[in-house]
Amino acid sequence: MGKTEQKMIANGKRLDGRGPLDLREIEMKVGVIPNANGSSYVRFGKTAVIAGVYGPRPLFPRFLRESDTGILKVRYNMIPFSVDDRKRPGPSRRETEISKVIRMAFEGNLFLKNYPQTGVNLYLEVIEADGSTRVTSINAASLALADAGVPMRDFVVGLSGGKIDGTLILDLNGLEDNNSDADMPMAVLPTKKEVTLLQMDGRMNPEELKDLIKHVIDASGAIYEKQAEALRKKYIE
Amino acid sequence: MGKTEQKMIANGKRLDGRGPLDLREIEMKVGVIPNANGSSYVRFGKTAVIAGVYGPRPLFPRFLRESDTGILKVRYNMIPFSVDDRKRPGPSRRETEISKVIRMAFEGNLFLKNYPQTGVNLYLEVIEADGSTRVTSINAASLALADAGVPMRDFVVGLSGGKIDGTLILDLNGLEDNNSDADMPMAVLPTKKEVTLLQMDGRMNPEELKDLIKHVIDASGAIYEKQAEALRKKYIE
Amino acid sequence: MGKTEQKMIANGKRLDGRGPLDLREIEMKVGVIPNANGSSYVRFGKTAVIAGVYGPRPLFPRFLRESDTGILKVRYNMIPFSVDDRKRPGPSRRETEISKVIRMAFEGNLFLKNYPQTGVNLYLEVIEADGSTRVTSINAASLALADAGVPMRDFVVGLSGGKIDGTLILDLNGLEDNNSDADMPMAVLPTKKEVTLLQMDGRMNPEELKDLIKHVIDASGAIYEKQAEALRKKYIE
Amino acid sequence: MRKNYILDLLKNDERLDGRKLDEYREIEIEVNPVSKAEGSARVRIGKTDVIIGTKMDFGTPFPDTPNEGTIKSEAEFMPIASEDFESGPPGEDAIELARVVDRAIRESQCLDLKSLCITPGEKVWSISLDTIILNHDGNLIDAATIGAMVALLNSKIPELEDDKIVRDKHSGKLPVSSKAVNVTVCKFEDKFILDPTREEEEVFDTKMCIGVRDDGKVVSIQKMGPGSLKDSEIYDMIDIAIKKSKNLFKLVGKDGKKDI
Amino acid sequence: MRKNYILDLLKNDERLDGRKLDEYREIEIEVNPVSKAEGSARVRIGKTDVIIGTKMDFGTPFPDTPNEGTIKSEAEFMPIASEDFESGPPGEDAIELARVVDRAIRESQCLDLKSLCITPGEKVWSISLDTIILNHDGNLIDAATIGAMVALLNSKIPELEDDKIVRDKHSGKLPVSSKAVNVTVCKFEDKFILDPTREEEEVFDTKMCIGVRDDGKVVSIQKMGPGSLKDSEIYDMIDIAIKKSKNLFKLVGKDGKKDI
Amino acid sequence: MRKNYILDLLKNDERLDGRKLDEYREIEIEVNPVSKAEGSARVRIGKTDVIIGTKMDFGTPFPDTPNEGTIKSEAEFMPIASEDFESGPPGEDAIELARVVDRAIRESQCLDLKSLCITPGEKVWSISLDTIILNHDGNLIDAATIGAMVALLNSKIPELEDDKIVRDKHSGKLPVSSKAVNVTVCKFEDKFILDPTREEEEVFDTKMCIGVRDDGKVVSIQKMGPGSLKDSEIYDMIDIAIKKSKNLFKLVGKDGKKDI
């Protein structure tokens, strides 16, 4: 899915029929990997991610246990057939960077100091990629950590904003991502309205950039509700 | 040596003049690597393998010694100029798999539980490859382990069976391997007549498959004799 | 810079105007990497090397400390844009070999036995390569080790000799290196007049080879003076 | 202790989860769950959960088969699937799984590789078959082979425009003429079981993974585990596998729909 | 203790080295110190010392941009630069640095990649931008981005003769039409600082690295560190970065001369 | 203690195995033991046992020598050969050995690389020279260089049919016009020995590996080990190597037959 000459917004509607600030269909499910301590499945449109959490558990090998804080490890991975051209197994530079920024989006939100000598391993498997994979992963991570019973100060919501054909939009799909003027994945603590991940690529005036940040933060509440609902559903069942 | 249009069996004889169940010329020698605790050279036709055994010796690093059983490591390796197109150094996927199945062919046959915290390293170097390299390696391994004095329940004999031009054959050479309807390397405990390695590639009816397995087991006795003779020879000298 | 048809010596002068035994312009500076325990910058013509020394410091991980001698590690590395065609990051086979011979040029010259369980790490970064990079590195290493206060029996001087158009020369530049009949990097202990590194590539009669070795040893004194001056300069400042 | 309990049950031909010795857990097949793949399948056997996909790209043919496309099979035992799996390049178990799946597919000759030639000797379609383990509860090879078969049966060939791959159009389906499955038969003393859970795999540690084609031919075998097998036991295991394969072939219908 | 001292000073808007909160250390730029590179720059900010170079080689264009040259950015955190760096392939910090530098350059669209096409769809110029850390005393990304910009502005394109690269002749300069820098704004409680030393980076561990183009547009952002940021804080940080970028652009003159 | 015993003997110019200081162990050369190789040799010097082979494949020439074939030398110190060797990519000792062997061959200009050009600038023969250590008992480089020389002298060039390599036919022998060997001279105090065993190598840890061509020219030198050498010692070592090389050249006859 490369660049296209097509107009991306016509009559106020995006190519898939959404309004600029509309999100795609969202599906969230908890407890999908029986072996994991916590797990989830999150889908935004065709972008689908499975998250699994193992831990907290004692660190191994032992010499790692000198650390006076718990350790969060994050692996963001795209499976080979999740994208148009097969992705080779093994972490790419892009995946290594995304694993790091996702770790940063959660590290301050967990009480890792309370778990010295233990590790929490968070695995994010992108099953299908149609834009906004890292923010979809963040939602999956938030649910899987909650499902595993890892204490968090707040949920973490992921959502991307962008600018396309001069219009600010939310939740970019793959085609939009490739044709946008700007693309901005964010992670938001929905209660405190604080930001733990923010990346931006593109060209924006400071004012529209600030507007876009505001749009993303405002929309995070609705996603937070869906996370809470997915968790409730599991524990009712 | 690719596929050929040629008939592989004519007038009941194979291209190299053998009858269907004839083996190639076999050479076996013990004690060829002075530094190793046990070693051997085995040749079936042009396929030649050198085996070396180091151990049993204490495991290193120390944390490996927690294991309550001895550990057998196997490395099956083809040297770069053992094949038509140079084989790059470093283990290929094929070599990794073969190393595993050879380990499985021996693991149950050694008294590893009696050697906690020790390791036995078995190195198999294919010097020249003209078909049936893994079973040639098994014969070499059996001799090298015996030469090293590693106690075994039984010898282990390697021999390949196959089907070609509708005929069941033994001890495939490289050209036959590439043109066979089926190829089946096996490892046999010659005294107990039990099988510790069996792989098959091809297309066979269950009945002919069972016949072929029987042929291989039956022929294993003769190879066992050659192993015993090679060992005797060393200790007489 | 490949081979050329050009005469490399005309009217007793080399292409860059030097006489056969002349050295290029030499620049030496000490203390260029603030974080390192010792460091230096050495330039011969356009060939420039930065050296940094960390240590002596306790070895890590602890199990390495079983050694009853200090350990010198050397990494000779060319930065990607130091050469005509970009050099990929990561050690090439050439760099691995050079790291070893440079280590050998220093190991016997340090009092490593007096520092059990400690390590000295010597990093040599070739910033620009125009011939004689390993001997330039040796001069940089000598200065950086002295700057770090690592006790040495003697300084170590690096200088290359060669033969080109039938003439013996010193301090080959890149073009000369590619067009020489022989190229010989050497490391010399300038006080004892002993050799700790000697490599040669080319074709030489034993007599001219011995002459060339003598030329290099004789010229090492002048470089030694420059090393001493560079160190004095730092400590006067 | 758990092991002893499994063995005690076995004396009465019983299993922990109440199954008969030759009974599979429930099998659930999802066809083309990943639309970016040329074809894909998700297969659950009990709690075992795998996802398999195909991708097609340009490749060069092997020198000795210049007119044939190529297929390669890889597997990842991702750490999400089990606390025993680690990140990093495939270990020997993942490599073995990928190769055993590959062998059943390849030796069954189910795929017409000649039809995947673009320019003889130069350019062919190269199929990548990737197996991803999402949750490991035993019997991975049987699950992966079913998934590979369903993914192949449901793969579409991307269109070529001006020598370029256009992935959102298709020039047809992958030509698959027969089906193959692997049936893994596990042995302990004189008992054979099928479809072991992870717990059972530790007890029944000697097994034969038998590839069967839908015409009843055996196309591949891999003896696994450290034990030894008598000839009569091998014969029994082959018969068990061929018999059971018929049930599995019903699941792997040409349309790939789950019908169990 | 050192940390506490830094925080105590901070209460009075003071820093260890006497700088104001938004003040950079002295910046020293050396243009084309490495003549083998197509272009190069050495940038020192205080004790931080980096060297950046470009090399141009033949490459193949990406399928979706067949008429454009390519640029790739890599970074090595060489062990000479810090006792914390280790030999080996780039770790996550080196990869992040290279990608953040790359993003500011790429998204600013400062480089006319179309002019780097040799044969459409087949052969283009591929630019390698390598960042080498010689001494690490904080604020690596700002230093590396300045260096990248200066190296690009001063890169010469090698000549082509008979389809071969002749490196000692040049067919012109790399066409660079605008400039971009990264300004990293660090935060602790309600204080923001610029150009942190390595010591300060451990205290001010939440930051935003903001890429700004010389027309005042923001071209890239990377939030770093484990902390969280209020929207108003983010807005302030953006404003600080844009404001400070103007000073940096003065350094990165088109002729690359240092004028501070 | 063993070390001291070696040194005590040395005072009387004696060695553990009774050899004279400049005496080699028995050398046994097997020509073309591996028929799959284009050429091969097995060389035993005492208990040291190495096997060297050549393979020829298509390659691209180096840009500065577009009309010449290429040769590359690799070595593996396989764990079968010594309890000190480990599996994995070649370490610095294996790399050094391969490069020192390569240098003697390359610098002797014994091989007419121009005759290995197929299409100038595009396609040439690329020779891979692989050294495999089967048993390590010292003096590996001398053994490997003899083996490389014998393997090259006995290599046949595969035939080309329709631009494809046909390995079972040959278009002639590799054109080798001269011979080179390495003679490693080891030093302890004022004593020099040749052909050290592994035990002796630990004592005589400073050495020069001297490549000599059959016309008596020195073509390569590698000083090894941590010690230092006086100029007069170096001169002596060169003379010893040249003298001894004559004996070795007798072994490496053009027909590669062993004649000692």
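In this document, chain identifiers A, B, C, D, E and F correspond to the written order of the chains, with residue numbering beginning at 1 in each.
By our rule, a residue touches a chain if its C-beta (ideal position, glycine included) is under 8 Å from a C-beta of that chain, and two chains touch if they have at least 3 such contacts.
What you see is a predicted model, and the numbers here were worked out from it, not measured in a lab.
The fewest steps needed to get from chain A to chain E, moving only between touching chains, is 1. Listed here as common contacts of chain B and chain C: F.
Annotation: the A-E interface is duplicated by C-F among the options B-F, C-F or A-D, judged by over half of the residue-numbered contact pairs being identical. When every chain is reduced to the mean of its CA atoms, the largest separation from chain B belongs to E. If you average the CA atoms of chain A and of chain B, the two centres end up 51 Å from each other. For the pair chain B and chain D, the distance between mean C-alpha positions equals 27 Å. Spacing of chain D relative to chain F, judged by their CA centroids, is 48 angstrom. Averaged Cα coordinates give chain C a centre that lies 32 Å from the centre of chain E.
Chain contacts: chain F has residues 63, 90 touching two or more partner chains. Along chain B, no residue makes contact with two or more other chains. The ring sequence of chains is given as A, D, B, F, C, E, with chain A as the starting point and chain D next. By the touch criterion given at the top, residues 63-65, 90, 92-93, 95-96, 98-99, 103, 107-109, 206, 208, 213, 216-231, 234-235, 238-239, 242 of chain D touch chain B in their complex.
Listed in rising order, the residues of chain A touching chain E in the complex are 2-3, 93-94, 96-97, 99-101, 104, 107-109, 178, 184, 189, 192-206, 209-210, 213-214, 217. The touching residues of chain A, when paired with chain D in their complex, are 33-36, 39, 46, 48, 50-52, 54, 57, 75, 77, 79-86, 89-90, 121, 123, 125, 127-130.
Contact residues on chain F toward chain B in their complex (touch as defined above): 33-38, 40, 47, 49, 51, 53-55, 57, 74, 76, 78-83, 87, 89-90, 128, 130, 132, 134-137, 167.
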